[in-house]
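So, here's a batch of structures to check.
Each of the next two complexes has subunit A plus one other chain: subunit B in the first, subunit C in the second.
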Partner chain A sequence: MPKDASAPTLAATDPANHARTSAGHAESQPSRAPRLKTPEIVKRVFDRFPLRTYEACELPQGRTSSRDEHALFVFTTQADAKAGRSSYNPGCLKWQAYLRFQGLDFVTVPSNNHASPSGALPYLLPAEATSSGRAPIPSTRLQRWLKDGDQSGAKRPQDRGSGEGRPSADNQMRYDAYLSLLDHKIRNAYLYTLYLCPSNFDSIARPLYVDPSTSNSLARLTVSIQLRDAAQAELLKQAATIDAEVLYQGSCQAFEALSELLGEGRYFFDEQKPGLFDASVFAYTNILLDETKTWKETRMLEDLRQFGNLVKHRERLLQQYF
Partner chain B sequence: MKWEQVRELPALVTKHATFEGLDAILLHLRTHHTDLDSRLPSNIARADAIAFTSHTHLHLPPLLALSLYVSSSNYTTTTRHAISSPLPFPLAYTIPPSLRAAAKTRSQHLGLSSLDLDAISSADDAPTNPARGIIPQHLLQGMRRGVTETIQQERAGLMFRLDGLVDEACAPLARLLGDKKYFLSNEEGGWSSLDAVALGYLALALMPEMPQPWLKDGIRGRYPNLTAFVERGVKDIFGGDVTLAMAREGGGILPWQSAKPSPLVTRVVGAVVGQIVEGIPLAASRIKIKPKEEGDVEGEAHSLATTLILPVAAGAAVVAAVVGGEWCMLGQGRGMRGGR
Partner chain C sequence: MAAPLGSGDDGIFEQLRRKQGAKVLEEKARAAEAEELARAEKAQRRLGDLISSNSTLPCTISNIHIIGAKHTRPGFLRGIFDPILSANQDHPYTLAEAINEVSRGVSKLHKLDIYQQPIPLSITRPDPTNSSSTPTDIDIYLNLREKSRILLKTGTDVGNAEGSAYVNALGRNVFGGGETVNLNAALGTRTRSAYQASFDTPVLSNPDLRWESGGLASSTQKPFASHEEVLKGGWTKLKWAPEGGGAHEFAYNGVWRQVTSLAGGASPTIRADAGDSVKSSISHVWARDQRDNPLLPTRGLFRKTLLELAGWGPLQGDVAFAKAEVEAQSALPVPIPGVQGETGVSFTTGLRAGLLYPLPLGLESESKPSRINDRFQLGGPTDVRGFRLSGLGPHDGSDAVGGDLYAAGSANLLFPLPRVGIDRPFRLQAFVNGGRLLALKRSSGKGNDSENVKQAAVSTVSELGNGLPSISAGLGLIYALPMARVELNFSLPLVLRKGEEGRKGLSFGIGINML
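So, the complex of A and B:
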């Protein structure tokens, strides 16, 4: 074995060899790999790892006051959560409103994206008594969870399904198309007006999203910049420039179309009770028309106020369910 | 306002203002020009035009991005050539990759960009796989089975997801179209803004010949009425197929203008500076806040259909912005046909 002589130096200069040689594979195949030995000092260092293994952290469950209630984790304040008021985030409010419409009993818990298993709010932690255990349910699976009827222990939603009946194929087609108004036009204008309008960012977004997360002013600044950058990146995905006028006009058109769709009806698609589409519309209209929020740049609100039936739709739902 | 300032295609340049992007152009035409939708019979039809336009604008671009850019073989054989052929050196080498990167971010949320879209028909073209010529035979023996099996498993799931995306985008449109001539009207010449937008996106999905035709096959197979609408529309509006040769030599009914590129040195310097400026976050502010000055408009009505139809044609505008040359990309079509 003439290669043996050079082996120790080779191993010392090449740390990648360490794993292979220490496992002893080299011994069994002398013709292919040279027999390498790990220097004692390197081996001792690696033997010390891991220095200490900590126990896995438990999920933070202390926030929910009671475990026999479903808990929906949303962006909200402590006071609003106690009073059962609406969330200030459209994505969260959509599901909060929908669950209310469906008659589910639940409490809201103030939270943020970092607390969510999927990285996004809202998510629902079912009551302990249900058979599915206490695995969190992300918003994308909420509708199915409700349909599966796995809410024993808490008050069951009444009259499930009737609001979701989406009767005709024509309604189904319109449902998809008009939903894109919310997901595309209104969302884009909302992102712009909330995050990229400096005056609105200071009066609305900063106190709601930035200040509760930390008291350190440097960290606050960083979070603010991150939020604005994220909003900007999202808008730039769809167009090479962000044109405020185009965005506002787009949302105004979208409100016009939604108003036309609602017509004189109580709820969208002439349903007897509000469904997910109503919740989606309410999510934006409620935040824009909320009297407790002081929007500085009011273009989007004013556009919305032109459409009386959308304003009434919001008031109706607010009084009935919140 | 000149073409040099244009950052996004389609763009409409008038004497007084520049309108970039589909939304801005539609808005401008609606307020200052003929509103195609004013002829629609009812308010709900007008609302439908807005809603379905938004639907088209939300769902079809990601699919086109996957089909034209993310799918490697479609990109290398067809799309790259179509974009780069009218471009001068060195932009022909810098613009297509940056467009592809943009398309990847645009379709990121579908979660498909990491998957190899070309796996769909790789079983058929295994003998022509270029890698086979390079990799020694004895190495190929060991790895082939595992990789092929994995790909085949992925392929079924991938097709399923792509079909779902195509259905999500097309089913409401097909349902709205029904047996009518146009989406919102059955009368001859009853074009609405929705027809224009849908024709633009769908023609791009259906017309180009691609090595990976999953998008085309998906729409053709399941939505014959949309296919017929597009074929009819392309004939009515463009007078038949649009080819790359038309862009270079003129012809067809589109008002093409050929390019007059600036000297080579200017182009190279412009490209380098442009790439650097793009990379500096603050230097390239892309937010417009002030309402643009409203001007009277003349002389661009003829370019309505051609500009409307090109939502993906963002590249040439960047050229104009960067080069500072006399590029006039009026209706610079993305004619994929004959581009191979």
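So, the complex of A and C:
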């Protein structure tokens, strides 16, 4: 009985501890020595401390986004984020577009890989009001998070289900095959053309990925080298040598296949609404066809331009959702 | 033997052995020491008498012979001893002056830390048959023994609240001019890895004016703010120790910092600061230590100031601010009525404060808010005891996000342990310490132009006086190791702010520089 009575006192007189536990952070717990049973009298004396507790200190004015909206952390510029424009990174744009398609209300926040829990963007920080708290959600768990309907507080995605982007079960194999075209053929050619074509690296990758991180030229040089090395390593994982011609032909064939798949339909797999697959295609076609980006080596986008329906698909989504 | 035989032999031997072990040996050593001291004193006195009776004897230093400096450049030694030679003086020395000058030169050699100490010095008269000598000439002989030029050390180290294992390679007198090359690699509890290389050389043969350059690469975990900081950078600095005491350091630092490997529960404030930033700054540090013992002071004053200017104007980089920090500690012996001489009881007070003032970067007109890397942290066993590491100041969730302004003070009463001598490195302490760590307030106006920042800084400083500081008090035991001070304290927080993390009960601290 006395134990129960003392518990609320602890919470009331020790707001520091209280705040800690309510923040749900377990990390500092082990540093507290394994608790022996403290005699009741000692405990009661301890509970009197601190004798006085003031309001919390103000947080530093940082670049933090508003905390009552879902925030998707992506590669983007401050201006683009404010205007809600598309991210320039295919991996980020895929999810940005998908969440838009799903009708989720969110803001984009410029960020970088260091900030991500998984080491890669994008990730989503749910609004403070939702029950999942502020634990970040990496892109791999976004679909499930949407499905679980844990977005209370902010606007719920409307009409979920119909536009899931997932084809019926018998089409699953086809879906996977086309997805692998995107994830391998197109992605590899894109990695090559963006990072390993020196002219494109200078006109596109450097201003988008390197320059925003730091103003120091030595650090920029190091980051550039790291980026190119990473792209090269990624390509060498799948082939013994890096042959530009093979990569471009691969992506051209992939575009052709996708174009055939889309046919005269508005969206892939004859869906009524764009889904994840549309988002995945749009992620690449948008950055390639973006007029504000000056590609110096244009082989890949010229290949893409041959397929009018893919170009129209991109324009349709851009107009409708961005 | 009065003792019963039963408990006999063993006990006696034991007793004998114990006595031999502890007291007798100690006494013997003490006696030997005293004898040695007396002998040295006598010799000193005899020499003193000899010199003082001849102190006004005019003399000229014609030659200084330096023996045993195999690896030292003659030109470098000339820089120290040439000015002493009478040929370079406009008036003759008296013997006392001459000895004084030479010993100043020798003390410079001592400071270089490349020769074994002490350096034996002898004075002779040159051969009078030598036609080039005059009757007043004396020759000086210095017998140097060089210290080993390469020193490799491995070991474990304790610093301010962290433990590490290190490998250290030291190259002494590398180019024969007292230059030092220092290579250091360490793996530790908080500093996951740190590599450092530095080169240090006296300027113009002056051991009190040194120039140092170096580079570092390190990776440090900051669990109190859910991230890891990776540093790569370099510095160059001029270190000057004027004769009156104190030491100055003028430095340029260039560091590329990465806030990376965030914990899963990292707060939005930390996430927003994740990534790269380059700090390019100039700084000045001045310190003067007049305490009798830096780890267990009983009297004296320690003062230190730091000024840093980053990113301003031509400095470039990604962050721009001016930073000022002051630190002071004073110690007073406390007399006890009825006790003659040193009581071992002392009262120390410490004060630290700092301000980080944002500046516009380069030619921009607005300043950017400070970053987690640059903001101050406060709390923990080496500053405000009775709080967790970085337990004071603004917290976003569980992350100590740091502040732009801090002030902390401490009052400690140290007294010797009963039945333990006051010369032993143990003390009991009773302390009260507290502090505030504040983020710069948001200015009322829009934007961050200089007028708004100034306003914000003023209102933040005035906030320091709003309410009591966060305070804790306690009792503890101090043990001063040769290189660091260890404390075991029992403390309770008295005043807190919400989010701040006090620590009730026992805490252990180890540090070099404690508040």
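Criterion: the second predicted complex is superposed on the first by the 251 of 322 C-alpha atoms of A that agree within 3 Å, B and C clash if a C-alpha of one lies under 4 Å from a C-alpha of the other, contacts with A are read in each partner's own complex, and residues count from 1 in each chain.
What we mean here is this: a residue touches a chain if its C-beta (ideal position, glycine included) is under 8 Å from a C-beta of that chain, and two chains touch if they have at least 3 such contacts.
Fair warning: this is a prediction, and the values are worked out from it, not measured in the lab.
Visitor: Touch check for A:Thr292: first (subunit B), second (subunit C), both, or neither?
Guide: In the superposition, A:Thr292 touches no partner, neither subunit B nor subunit C.
Visitor: If you count the residues of subunit A that each partner touches, which comes out higher, subunit B or subunit C?
Guide: Partner touching more subunit A residues in the overlay: C.
Visitor: Of the two partner chains, subunit B (first) and subunit C (second), which one does A:Glu55 touch, if any: first, second, both, or neither?
Guide: Once the two structures are laid over each other on A, A:Glu55 reaches subunit C alone.
Visitor: Between subunit B and subunit C, whom does A:Ala135 touch in the aligned arrangement: first, second, both, or neither?
Guide: In the superposition, A:Ala135 touches subunit C alone.
Visitor: Under the definition above, what is the set of subunit C residues touching subunit A in their complex?
Guide: Contact set of subunit C toward subunit A: 223, 226, 256, 258-269, 271-278, 280, 316-318, 369-370, 375, 388, 393-398, 401-404, 437-442, 467-468, 492-502, 504-505.
Visitor: Any idea which subunit A residues touch subunit B in the complex?
Guide: 169-170, 172-174, 176-178, 180-181, 183-185, 196, 232, 236-246, 249-250, 253-254, 256-258, 260-261
Visitor: Residues of subunit A touching subunit C in their complex?
Guide: Subunit A reaches subunit C through residues 15-16, 19-20, 23-25, 27-28, 31, 46, 49-65, 67, 73, 111-112, 114-117, 125, 134-136, 213-216, 218-219, 222-223.
Visitor: Spell out the residues on subunit B that touch subunit A in their complex, using ranges where they run on.
Guide: The touching residues are 7-8, 20-21, 23-24, 27, 43-44, 46-48, 50-52, 54-55, 57-59, 61, 105-106, 168, 171-172, 175-176, 286-289, 291-292, 314.
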